[in-house]
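In what follows, chain A forms one complex with chain B and a second complex with chain C.
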Partner chain A sequence: MLTQVLFCFLAATAVASAIGVVVVRNVVHGALLLGLCLTMVGGLYGILGADFLFGAQILIYVGAIAILFLFVVLLSGRRAEFAEKPLNAMAPQAALAAFLIFALVGGILAQVREALHSLPPAAAATTSSVGDLILGRYAIAVEVLGLILLVALVGATLMARGLDKERV
Partner chain B sequence: MAELATPPPPPTPAPAPAPKPPANVMPPEKAVPAGIRKVFAKHTEGTLLPNRLWPTDVWPNPWKSASYRRGALVLSALILAGTGAAFFLREIGVPLAALRETLHRFAEANLPQVPSWAAEAVWILAKALVVLHIILFNGLFLVWWERKISAHMQSRLGPIFTGKWHGVLQTAADGIKLLLKEDAAPKEKDSWLHSLAPALVFVPVLICFTPVPWGRDLEAANLDAGVLYIFAWAGLSVLGIVLAGWASANKYSLLGGLRSAAQFVSYELPRSFSLVPLIAIAGSLSLTKIAGYQEGYWFGFFPKWFLFYPVVGQISFVIFLIASVAETNRTPFDIAEAESELVGGFHTEYSGMKFSIFFLTEYAYVLLASCLLTTFFMGGGAAPLPFLSVLPSWFWFLGKTLFFMFCFLWFRWTFPRFKIDRLLDFNWKFLLPWSFVNIVLALPYIYLWKL
Partner chain C sequence: MNPIAYFLVSGALLAIGIFGAVARRNIISVLMAIELMFNAANLNLIAANRLLYPDTAAGQTLAIFSITIAAAEAVVGLALVLAIYRKFDNVFVEKFNLLKG
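Entry: the complex of A and B
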């Protein structure tokens, strides 16, 4: 019961703030709403009993990515308000694409719903079991992912420095 | 007549006031031990010390003063009373668990129409309120303590009148003043965010206190990923600081907010990495388990605190301590609100209660950092010697936390402020590499010791 109340609150706030991100004119408000949306999604992980995922979601998505967005907005020196309308001539196509994706996700969910319900309830995922998976079974995948991120980081630094040289 | 001719014997040698040395003259040799003088002379080349009056010159022997003796007596009486109270109260985790049971049984027996989860919800609410009040009273106490300590470090008295005894009620009076103050803010402010920012700063720190183990069975919630949880939420406060800077429509505020964010994001890395050896050795992210792992004694008397693990423990401790001071935005690292450069930094345009919430949050972070230092490095509620276990765990936890809080205040009034570039260099070129080295140094512990 408590879980259901919490779920309704978190899900409603997540959806409302996600709509807000798109609708709000002020970019800083938009970045903040994005942070709120990601926090609420983290809360959903929390009530599913995925402690580690909850912490990681807050740490990475809210603590790092939303703040990075805010930085970019603040440092880019643009005006905080968009002058244009949020909708333009592409609106109908975009709406169609959004509806198709929604239908796709809904269709998949409807297909696997029975299968999901017939699964045995998952054992409580502790942090140590997550750690065993990350550094045991999926160690290579995680390492490769880390390597890709490192390459991206070095590349970004290189590009930023190259731009600076051209400017100077 | 001869008696008259001789001068009368001098009166009992009253403590003669130390002769005030004239400026630019070294204080008398005896005032400063030769060893200390040698060390300082090497570094200052006679530029700093000659102008400085050592405390021993001003006040040669404080024990000769009656008020000093009385103060020491009162202080030891207070400490003894606290210890005695702790001894008789014993562990309060056990009666609290019993209280919870009683609440559940009462709800089941007398209120059948209330759903079963309501009793637990009431209990959770009570725990949240207790944590909130710990933070509020901590602010009340710590502001007063900081003012007293800073005053005594600068040969002043600090608040002395309000509340009769050493100005204990000064902070309460200030709080009332802040409540009544006009909430002045610039016209161009983003009014929503300007009001939201203090809340965004304060709420994360309140959440951060959830897994803190105040003693045996005294944590609000024993979270399996407690360390991650604390670091994740603590990282959110910077969002509020940046927004406070931006919403104020003031360039000093914005600069302060951005500086604070750069500092926070940088220092979070060595702070987390310095804990990796500890987490690997203890084998858990739960604060309760980490504190529990450090209970017990080597050779029957030497506490198994992580601080005492040779090399690794000390490096971790120093890095974590420095990074914690940086995260609280306090003086050696307070470039975010550097008064001489930025007026007041991100809270320049805040006044009244909104300002005091920033203030409260800073002190809450000091308390949080002290609690974490206690939990990670000093064994939480573990007693320093086996026979001292007669005192309950919460007493030891509070004692160690108070000690670290004193260290935080001490640092603030001892070190000068860093420049922003030095600050970031220090983090990226010194703290972070050493925290990586420390992880490598911890390997023998994990592979040899635990086998």
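Entry: the complex of A and C
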């Protein structure tokens, strides 16, 4: 019962703030709404029993990515751009395409509704098993992932700094 | 709780993200919409992990990989936004016509 109430609150807030992200005129508000939406999705991970991912979502997405978006919004653009219209001429077609994709997902889910009637009970705590997988079976993949992060960091620094000599 | 609800939320986030990525004019908002789609995929992975294989955490591990790749993508994308802003002095995608013949 508590889970259902919590799920309804988290899901409704997540979807509403996601809609806000894509329609709001002021991009600063969009970045803050993105942070809210990511927090709510993190809460959904929490009630699914993925406790480590709940923490990772809050730390990485809300703490790093949403704040990074805020920084970039404040570093680029001017205040006058907030007054311009936020959507381009393709908005009706894009809305139709998005609705069709959602209808496709809903149709597929309606087909398999009988097979998916209830969730199995969650494992007690998943953090230790996630840690076992990361440092055991998928250890090499984690190393490669660290390499990707390093390359992304160096490349992002290089691109954001600019390649011209006078801007060091 | 019915597992279909989680997949429906995931599908809604995916559709909203597609709409934002196609229809927004500001390039930073386009990147935000892409982050929404990443989150839809992660929610789907975790819900399917819980639904189909509740005694392992392989789906959650895959979601961790996805979150890390998403972080790298956001960092590179935002660095590109800054570089493009310095070149064009603008953040609207229809103004970026460097490759137009």
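To be clear about the criterion, the second predicted complex is superposed on the first by the 132 of 168 C-alpha atoms of A that agree within 3 Å, B and C clash if a C-alpha of one lies under 4 Å from a C-alpha of the other, contacts with A are read in each partner's own complex, and residues count from 1 in each chain.
One rule holds for everything that comes next: a residue touches a chain if its C-beta (ideal position, glycine included) is under 8 Å from a C-beta of that chain, and two chains touch if they have at least 3 such contacts.
Predicted model, so just to flag it, every value in this text is computed and none were measured.
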* Asked: Regarding the shared-chain residue A:74, is it in contact with chain B (first), chain C (second), both, or neither?
  -> first
* To do: For A:55, select first, second, both or neither according to whether it touches chain B, chain C, the two together, or no partner.
  => first
* Check the residue A:2 against both partner chains and state whether it touches chain B (first), chain C (second), both, or neither. => first
* **Larger contact residue set on chain A - chain B or chain C** => C
* Does the superposition put A:140 against chain B (first), chain C (second), both, or neither? -> neither
* Please indicate which partner A:63 is in contact with in the superposed arrangement: first for chain B, second for chain C, both, or neither. => first
* Contacts of A:32 with chain B and chain C, given as first, second, both or neither -> first
* Does chain B (first) or chain C (second) touch A:126, or do both, or does neither? -> both
* Taking the contacts chain A makes with chain B in one complex and with chain C in the other, which residues are shared? -> 52, 56, 64, 75, 126
* Please name which positions on chain C make contact with chain A in the complex. => 1-20, 22-26, 28-29, 31-33, 35-36, 39, 42-43, 46-47, 49-51, 54-58, 60-61, 63-65, 67-76, 78-83, 85-86, 91-94
* Asked: Can you list the residues on chain A that touch chain C in the complex?
  -> 3-4, 7, 11, 14-15, 18-19, 21-22, 27, 30-31, 34, 37-38, 41, 44-45, 47-50, 52-53, 56-57, 60-61, 64-65, 68-69, 72-73, 75-77, 81, 84-88, 90-91, 93-95, 97-99, 101-102, 105-106, 109, 113, 116-123, 126, 129-130, 133-134, 138, 141, 145, 148-149, 152-153, 155-157, 159-160, 162
* To do: Provide the residue numbers of chain B that touch chain A in the complex, in ascending order.
  => 115, 117, 120-121, 190, 192-193, 223-225, 228-229, 231-233, 235-236, 238-239, 242-243, 246, 254, 258, 261, 265, 283-286
* Asked: Tell me, which parts of chain A touch chain B in their complex?
  -> 1-2, 26, 28-29, 32, 35, 51-52, 54-56, 58-59, 62-64, 66-67, 70-71, 74-75, 126-128
